[in-house]
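Provided herewith is a single structure, encoded as structure tokens, for subsequent inquiry.
Labels A, B, C and D are assigned to the chains in the order they are written; within every chain, residues are numbered from 1.
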Amino acid sequence: MKFDLGSELIYTATKDTTLILNIEAQHLRGQRISSETFTISPHARGEAHDVPETANRYRRLLLTPGRYTIRYEATVETDPVTKRPDAVAEMAVDKLPFEVVSHLFPSRYCQSDELGRFAWRRFGDLPPGHGRVEDICDWIHDNVDYLEGSSHGSTSAYDTFTTRAGVCRDFAHLGITFCRALGIPARFVSAYGWKLEPQDFHAVFEAYLGGRWYMFDPTRLSPPDGIVRIGVGRDAADTAFATWFGALESEPKIVWMNEAAGQEEAAAEQAVSVSAT
Amino acid sequence: MKFDLGSELIYTATKDTTLILNIEAQHLRGQRISSETFTISPHARGEAHDVPETANRYRRLLLTPGRYTIRYEATVETDPVTKRPDAVAEMAVDKLPFEVVSHLFPSRYCQSDELGRFAWRRFGDLPPGHGRVEDICDWIHDNVDYLEGSSHGSTSAYDTFTTRAGVCRDFAHLGITFCRALGIPARFVSAYGWKLEPQDFHAVFEAYLGGRWYMFDPTRLSPPDGIVRIGVGRDAADTAFATWFGALESEPKIVWMNEAAGQEEAAAEQAVSVSAT
Amino acid sequence: MKFDLGSELIYTATKDTTLILNIEAQHLRGQRISSETFTISPHARGEAHDVPETANRYRRLLLTPGRYTIRYEATVETDPVTKRPDAVAEMAVDKLPFEVVSHLFPSRYCQSDELGRFAWRRFGDLPPGHGRVEDICDWIHDNVDYLEGSSHGSTSAYDTFTTRAGVCRDFAHLGITFCRALGIPARFVSAYGWKLEPQDFHAVFEAYLGGRWYMFDPTRLSPPDGIVRIGVGRDAADTAFATWFGALESEPKIVWMNEAAGQEEAAAEQAVSVSAT
Amino acid sequence: MKFDLGSELIYTATKDTTLILNIEAQHLRGQRISSETFTISPHARGEAHDVPETANRYRRLLLTPGRYTIRYEATVETDPVTKRPDAVAEMAVDKLPFEVVSHLFPSRYCQSDELGRFAWRRFGDLPPGHGRVEDICDWIHDNVDYLEGSSHGSTSAYDTFTTRAGVCRDFAHLGITFCRALGIPARFVSAYGWKLEPQDFHAVFEAYLGGRWYMFDPTRLSPPDGIVRIGVGRDAADTAFATWFGALESEPKIVWMNEAAGQEEAAAEQAVSVSAT
């Protein structure tokens, strides 16, 4: 599918502040960017930094005091996601590429060291593989209420498991936590998500199965081919859409994602014009 | 200085278990290994994996059920640490190499997002640089009691700040947390530490200043040139000396570190014979 | 001083719900109620329950489904609070009336068992007595930011001590926690507070000194004789203005407290007309 | 049944310390004390305080520096507990005696405000009454591992629910928490428990049903008539067997409980000789 998407952030710096943004769509084989624009007004000194290992794209901007409007717009085409790959197997920990082993360790919001007893009791006897991670997502969907305002910036999987309420980010953290506890590497994915209500940044997670990363969305709020990836990391601490060092006041952000018109033609043209200021 | 050091770990696997060890000294310019041996008895299938970026050295072993004795022994020479480099400056976040930026983010045991208010109030007005991180260490040393048994595996900087008691690992987590809150990248270092009582693995931390990593030990338990580095990572979650997936029972570990005899001659010989089974 | 004060709460019960309210001013020697009205519309079956030991006044109402407007209005006169009674001494734990000993124990929001190390280190060497509790209030005022929205329903003293931000309820919890850790019985007081901005229910605390309870307000937001007590308890868990069992949706509450006209005359009349529906 | 039971505690006070003990069996209709002795050696000034409302018996002792051996011994007869009273109903919150309402509120170790969502989802549709509290106990027994050393002094129901491991005190806290979340008043009971391995103080809980308190033991470690009650309170914070203010070092405590010989005769004699120094 093809989408017009983007976000607009407004910040007022009250002193010199370094702002690190991660709001741009990743360049991936299954996620093609046919056009995009990043603007900040007034102009601020900064740089773009793309991390090859993760495909994460950062902007690091040095804001002097003032009010800034930041806007990212892109047209992105995603490949249709084929149906549930149940045959994909888990990999034994001794077979994992060493680079993904760190995705088995607990992180800021994913205390897999604390939730292992439950994870093994509940999911340990299920047939391993892609289906087991789907079972984890089903459990989250069935046992945790999706409730705006029920969590906050310091809410972790430890809390969500107890209070049984959260938003997409909390759902993803819980899925990651269960996977890691079971010996399945897992990581956080921030994204643009189609059909979210209200529209906002989305969060899903990936599990490492059969030699690659597979995406899972325990909220079931966006269709699989309606998710455009922004950033991956251990958890939300690594993939904040905005991190700053200094003093910043923010106004409500706007995020949008709509089906783009003229889907076939665009695919035919394939005219990629990436313009980032 | 030159040290004979090592550790002995005894585990009983009750089912097939993958054990990941990080107990071997790093190969570094200021930390030369003149001899070392790693043995596991009975033999277990496995591999060594050295991570170039961090110099961390892992063993991943596949244990079938049984009782295993693992022993690492090395002779390591450290360079004398020159006196406190007060002139070293902090780097502005917008100048940091992008690779170290992730060491500003909160992690499992270092909730720098929660402790920023205190960190800025207490340390924000101090002159930035190496001396400020020393001030952080002084504060930890003066305000937190070093107390065996006062913390446990899930204790984080959040807890240590409140309860004001901990061991070396907790001291390091708190130091890391304050640094990150102030915009100074910081990471955890596991180590062999000379003169620890009781002898055990040690933990210190590093802050990124003036373009490189500097080591700090808020416990002040080992002399600076009496610390032999094992692993670095975001916090103890990344640098556990042993992580396993399966079922393992452990017996009390033994860790030792003593000044080696014949220091001058050894330096002259420089005969490095690394033998790892 | 004399005040017109009150509150208006609007709830919609979506099934049969028992609502327990604690919003009425206490009848005390230094806090005289010259008139008051409690109304709920539409009518709901219920009862008033005054607890002699604490002077707390509860309404327990059985709401059938529907939307209810609850309104409490009173005119209350407080005695001027005499100046800081520095001479008042702490009581040794072995001299305390046994009834107040339970106010030394930790409670839901006041983990005095965790904060003892800090409390003794910081306040342990100060001269005991009323002045030491004032010192505790000064410390809270100087080290914790009063910040609307910085805490939520499950925030405890443990959290506030770490994050260093909160509202009146958090300030009170922290004061209680330090007192208990030092062996000074302390309890939570919910109140109407004059000059609060925005107007809302207020929270302060009391410490047991020299044989009676003394009130302290670490927020310093209301003048001492501008506080009209509603409820006392171990912490906010005991003194919620509203607790319900069932299903209730609430609309924003309104709380007010203004200086009453005709202060002298009212005192002369002393015509107490309590009318509670 | 009839039991010889008791405990021996050894403390060294390093400065003047007030010690509050709650280790003596309650005098109850179904729990008759045929003889008991409380001794402290060397002698310490102090007093016994019995709380009529709860039947809790406290000793408050003022220890000057020195090493003290405290010993309580009693012969106690319990009534056989009749079989599971399934017919006992829950009471609607609006019918509860007001005195027990506070046992619906969250407390230090029982965050019923956080666990309500789970409690209602899991137990909300079960038939209310004594059987529902038994179902709660079954759930705890089936889902939480009884594991010495898995918890510590600050472990709360919030933690136990997540980590799924604990000891008797944690099991009781979790039971209390679920009950309160469902609108069933619940409280903590410390006790001597027969057949515990290793022998130690025991902890169970009580729920208020059909107008009185019923005891529940989710650990299922002691037979119902093998539990001799010591103290009741909101949670373990209220019913610590020892609380002190000052400085005390403790040696391992000894607790014992054995079936007493000559059961019939003792009942006939009924010669109660309570001697407490």
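Details
Please note the rule applied: contacts are C-beta pairs under 8 Å (C-beta built on N, C-alpha and C of every residue); 3 or more make two chains touch, one makes a residue touch a chain.
As the structure is a computational prediction, the values presented were derived from the model and not from experiment.
Between A-B and A-D, more C-beta contact pairs are found at A-B. When chain centres are defined as mean Cα coordinates, D lies farthest from chain A.
Centre-to-centre, using mean CA coordinates, chain B is 43 Å away from chain D.
The mean-CA centres of chain A and chain B are about 31 angstrom from one another, to the nearest whole unit. Inter-chain spacing, taken between the CA centroids of chain A and chain D, is 48 Å.
Residue positions of chain B with contacts to 2 or more other chains are 114. Across the complex, chain C meets chain B through its residues 114-115, 117-118, 121, 143, 145, 158, 161-165.
The residues of chain D lying in touch with chain C in their complex are 18, 20, 46, 49, 51, 58, 60, 62, 92-94, 98, 101-102, 104-108, 111, 113-114, 153-154, 183, 233-234, 237-238, 240, 243, 245.
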